[in-house]
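Sharing a structure below in structure tokens format, with a few things to ask.
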């Protein structure tokens, strides 16, 4: 059994590379940052779909001047230092100056190490954020709600800075935020321990400590949960969840923003005919998978922006129809069989998905040879554009449809030199100019409703003809002890909140 | 011409020198015996001549050709050795046929089947033994195979290291007869190590007595038969042998 | 009876009869040991299963039936079905082919390699020995998994590469055994005898030293087979073994481990197959140990 | 006087590919407190007979006998535990090959001490003394040093003498000596055998001396059994060996070369009758 | 008498040989390590995994990627990279792990003791049970006890470790509650004692926390038993095999001739000579356990070196891989040398 004032979680945390918000880019580190840091604005635990005030109590956007002015609240960091505008300036500029992985999110605002001092400034005790580029303030707010925009305690951080690292090394094992929790202990591949921040401005959380134990093996997580030695098990498979005892354990499902897709590398001649792309859409056993091994883990979704978020397109026109696929291929004169390698991450459910795809595609003469590999291995190949077919997923970098539109429907330079971390470039798909143009236009559109419509339009187009076959939207099914209440899990790991958790 | 000439031969195993300044000259066609105390270096001398104990100084000449320290193929066809232990000197996984054909194969000599058969006959082994494995043979039979193997390459000199000491008297007699006959028929030279003086008396022309790594006496077998050895140690050996020989036939 | 007499003839008339006779003797002693007979039967069954898999398997190894997934063992599916609704019994049967390949390839690659390196090292001694044993030590002290992973990663996934990787990681142990044995053999008088006849080192090693090391090697290899099959499973555990949907037993267990608490048959059935086959090899190996040991062959 | 050892139809067999093969085929003899010599060619079953008396034949070997009595009591029916009280203390056996018969990782002294203290609880001091005097008795020059050596550090001849010392130290009533002196210098050989001889005379010990050296046996024994292929072909008093009548024995005798040899060829046994094996 | 060189000469020669033997020893160890590192380093370069990805993740821009690559020194020629690494190692710096973001030395000092603890208990179980089983089996060759021991041993050898581990957890932890669950300690004890040696058992005793000590044992016993069962199987079968060889030796018969009790015959005469090869076998399986078992560590959430190494390798985190390889290699070589020394102590023939 676990103590009443501590929440013990079994979770695979070996993805953590960095915990400094200026560097953190993994699922688990995102989750920890969310519970340790605050941002100016954010999607909060009470309702993760509404942009709510964070450390900023209010803000005034001036789309013409491309500035937003934030008024800070009277809050304290866990260290006891007050949250000052200087801390905001420091936090943003250190992300840009350190220029680590997530920096590109803030850099979209036209921020560079050189111009940083002008872009974020202090005026009358308020923070003035300037941005450059053809986009609306709505987009900017979404960017500022993202993880790298977390506010860190400048005084504390600089006490621990080494050389030019702006406290990066120290922040990777400690926290310096104003959020509901303080990171007390982190041992890689072992444990993360958070303790309550009693001075949190929204009020101290009920749980005095959150203990995240690294448990890589799902079956072990299951045993821990059913034995009552953890309150939450994060990585159970649907089959395990189905077998849990209902009297002690409850199960919650949270729709996720990540989409799962099958893509074809356009460097491969055989895979360039649009008929192949189209046929592929009829060769996925959408229902078979979601009703069996993907049950509760994914639902059918065929456009790049996930359901439940403004701008999503929820139609699912494609179902498994082998005859039709054959017809499409035959009509276009595509010669079968086509033999293709399919790269896939070697863990569940990806290998199962790959095998299902293999079975259905084979019926229409597209033969997959499944090449399972570790995550790093698959990504390496993907970056080099040397794969043929790829089964992978994509989560938005921040909660704005542009994040995915850019990834799935925009590619202005398909050359090998112009490395871009988008799905389009990585599959060597030279997006038609007009689609590129539509993506740029949607980004610039200030009217939120119109903007959403434009994204639906883009998605329809990409759905009809693209070598990227979007199949599913992820869902997270989490099993927890019956007495756990108030656990909030938003659409990405950035929206996991422990502060409302209580245990009866 | 001398078949084997040892000049001031010293042999060592690592740090310890076991043979000290040995001089010997064995004529071609002679049968020469090396007798003496156990551990006095008799086997070691034979091994050095064959090239199996490479740590020596001095001079070894075989059929007037100086011997190098390693095993040489040219020497192989002139000098062969028969070991003491008939159980350890045959490869346990090879038939007699394979054991006897091997030297022919190595030296690319043809007509192997016939030669093997002829040799089996020469050492008095029935053809039935040709495809047996060593463990199917008695000690005496194995020793015959070992002798046959040594003779396959038609060497001139045979080094015999206690070829009968592991065998009982009746088998010993067979081997001794065989050696005697082969020498008569093929004009072989023998260098024979033994501690059995009657054997020396039966098979050899001359003998050397060794003690503590040195040769103490070289004598003619006639002297042995007469009980006329010069050195005290030689006489001691002789006396002990005679004291035991209570049986007369 | 006549054949038996012919085989047991103490005076065989041909090389062929002599060798057949020796083989028969080994075989006959094996038959006298009930456990090695059991081992032999298991291996024979494995062999037959692998050969006749297409006729023995009631279903296809890859045919999915998502509606009927994770069905417990029953009359229609003797060992139940797996996460994609495939018949586990059929997969186990088809998997025997892969297991057999693994076992054969490893035996054919690593044992001869280790044997040769060990024999050369032991026979020549000196610098050759030092260098070869240095290399062996390096490979021995290098975490096995690293080597295997590296090979799989470098050569690409796939069961054959996994097998090569396993083979390459397991030779050092054999080299050490072969060397130790060679050291005891190389001073034997029968080796001195062939050297005296002018045999080259190559000949001595290949024709005289190796045949004596092989029996202990065969024993070791059969004993290690369990380990080899399990190493393949271990590679499967981190996802580098057989490519899906190949019915490799180790991969099947690895995949089934998430179901181990609720759908025990998914992991247990192939696990059972591995245990049975390993036991088969071990029993046979133990039996061979008793009959092939040169000491026991004295008479 | 009842015989010390009474053997009646002793058989030892081993399973082979062609069924059980008897290597000792029904041997019978009675041994008083005397010296019995056993000769015969290699493989005739001499050692096996010796081992059978001590019940040392391991499975799958099989020992049967109509009677195998030691000091009036049956040996075959004894349990292993009961045998332990007999072995060493009352019957002991000098093993044939000292190179393999001594434990390579124990010092010679330890191994001798073990033989003594197993049957007799003695103070340490006394044990040491007994060992030293025993080693001296078998003509070992520097017993204190040798006692501390390991078997691989002693020569074959020393090994044989150590073996004899080890088996004589518990003062057994019956000693089976299997080729005890084959590696010894002729002169040392005589000295060692004289000690054993002495024990037989003064302490009434029984001796079975196994050898293929006819000279040796005829000199040191009272009675001789000649064995061939597992059976006793001839039994005679030692002095009468020269006059042995069995052709096999005569063959053996004739085959020995002599120091003043004049024969061109030694007569050999006609082995055609048993050449098949 | 054979002439022997004057004692002084011998002494000098001995001493000279001792020195050159020592130098040769150091040289071989050094070369072995160098070879080990070179091969591992090379492996790190041929595996098709981009080491930069572990640092920057898959979304980084080209500029970030290039910067990280340069910072990792990957833009230098291979031999320079290797040279720099070796220089670093010689000055005691194993570099930084990219997947944990910490110094490799620090990581290893945390992960290795965990494995060490588990492997040590495991090998103790394996030896304490395996050796007697092997001896008993050999001394009753062919009996029913022998067959049972062999089958049980072989089972341990052929059962997938993770299967055994999971089933063990399900039965002894979840169902029966006899042992602690996954991990090294119950969560409430975690972090209460300062790591001094890194071995929980020792650290807790040093801190005087008996409760924690028992808790640690409670957690250790199951994974160690699974490892132990595995090595037990191997040790028992090797012991049996060695014992059979010895029991057929003449000197064992000699011991029986002396009338020694069977216990003495078996343990003093037959067992003593096999201590040496047995130590080699045990040493090697201990070293194998110290390599860490990814599967056991994963199933038991054990923060051990096997998992660390594997994760590092799968991310091409080469500093971590090289560092762990070095430590594991050192363990192997150390154990090898220790068994050499024991060999010399225990076997008079080798002195």
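We just call them A, B, C, D and E in the order they show up, numbering each chain from 1.
Methods note: contacts are C-beta pairs under 8 Å (C-beta built on N, C-alpha and C of every residue); 3 or more make two chains touch, one makes a residue touch a chain.
Note that this is a predicted model, so its numbers are computed, not measured.
With steps allowed only between chains in touch, the distance from chain A over to chain D comes to 2. Looking at the partners of chain A and chain C together, the chains they share are E. Contact tally for C-E versus C-D: the pair with more C-beta pairs in contact is C-E. Centroid analysis (C-alpha atoms only) places A farthest from chain B. Between the Cα centres of chain D and chain E there is a gap of 51 Å.
Chain geometry summary: the mean Cα position of chain B and that of chain C are 46 Å apart. Chain A and chain B have centres, each the mean of its CA atoms, that are 88 Å apart.
With each centre defined as the average position of its C-alpha atoms, the distance from chain A to chain E rounds to 40 Å. Residue positions of chain E touching 2 or more other chains, listed in rising order: 47-49, 162, 166, 170, 298, 314. Residue positions 217, 219, 223, 374, 377 of chain A are each in touch with at least two other chains. Shared interface positions of chain B, i.e. residues touching 2 or more other chains, are given as 126. The touching residues of chain B, counted against chain C in their complex, run 50-52, 71-73, 76-77, 79-81, 83, 85, 88-95, 97-98, 102-103, 106-107, 126, 128-129, 131-133, 135-136, 146, 149, 152-153. By the touch criterion given at the top, residues 217-219, 222-223, 237, 239-240, 242-243, 285, 288-289, 291-293, 346-348, 351-352, 354-356, 358-359, 369-374, 377 of chain A touch chain C in their complex.
Taken in their complex, chain A has these residues touching chain E: 2-3, 8, 14, 16-18, 25-26, 99-104, 107, 169, 172-173, 185, 187-191, 193, 211, 213-217, 219-220, 223-224, 226-227, 229, 374-377, 379-383, 397, 418-421. Chain contact summary for the complex, chain E toward chain A: residues 47-50, 53-65, 67, 98-102, 107, 110-111, 162, 166, 169-170, 173-174, 177, 181-183, 186-188, 190-191, 298-301, 303, 307-308, 311, 314-316.
Here chain D touches chain C in the complex through residues 14, 16-18, 276-277, going by the rule given at the top.
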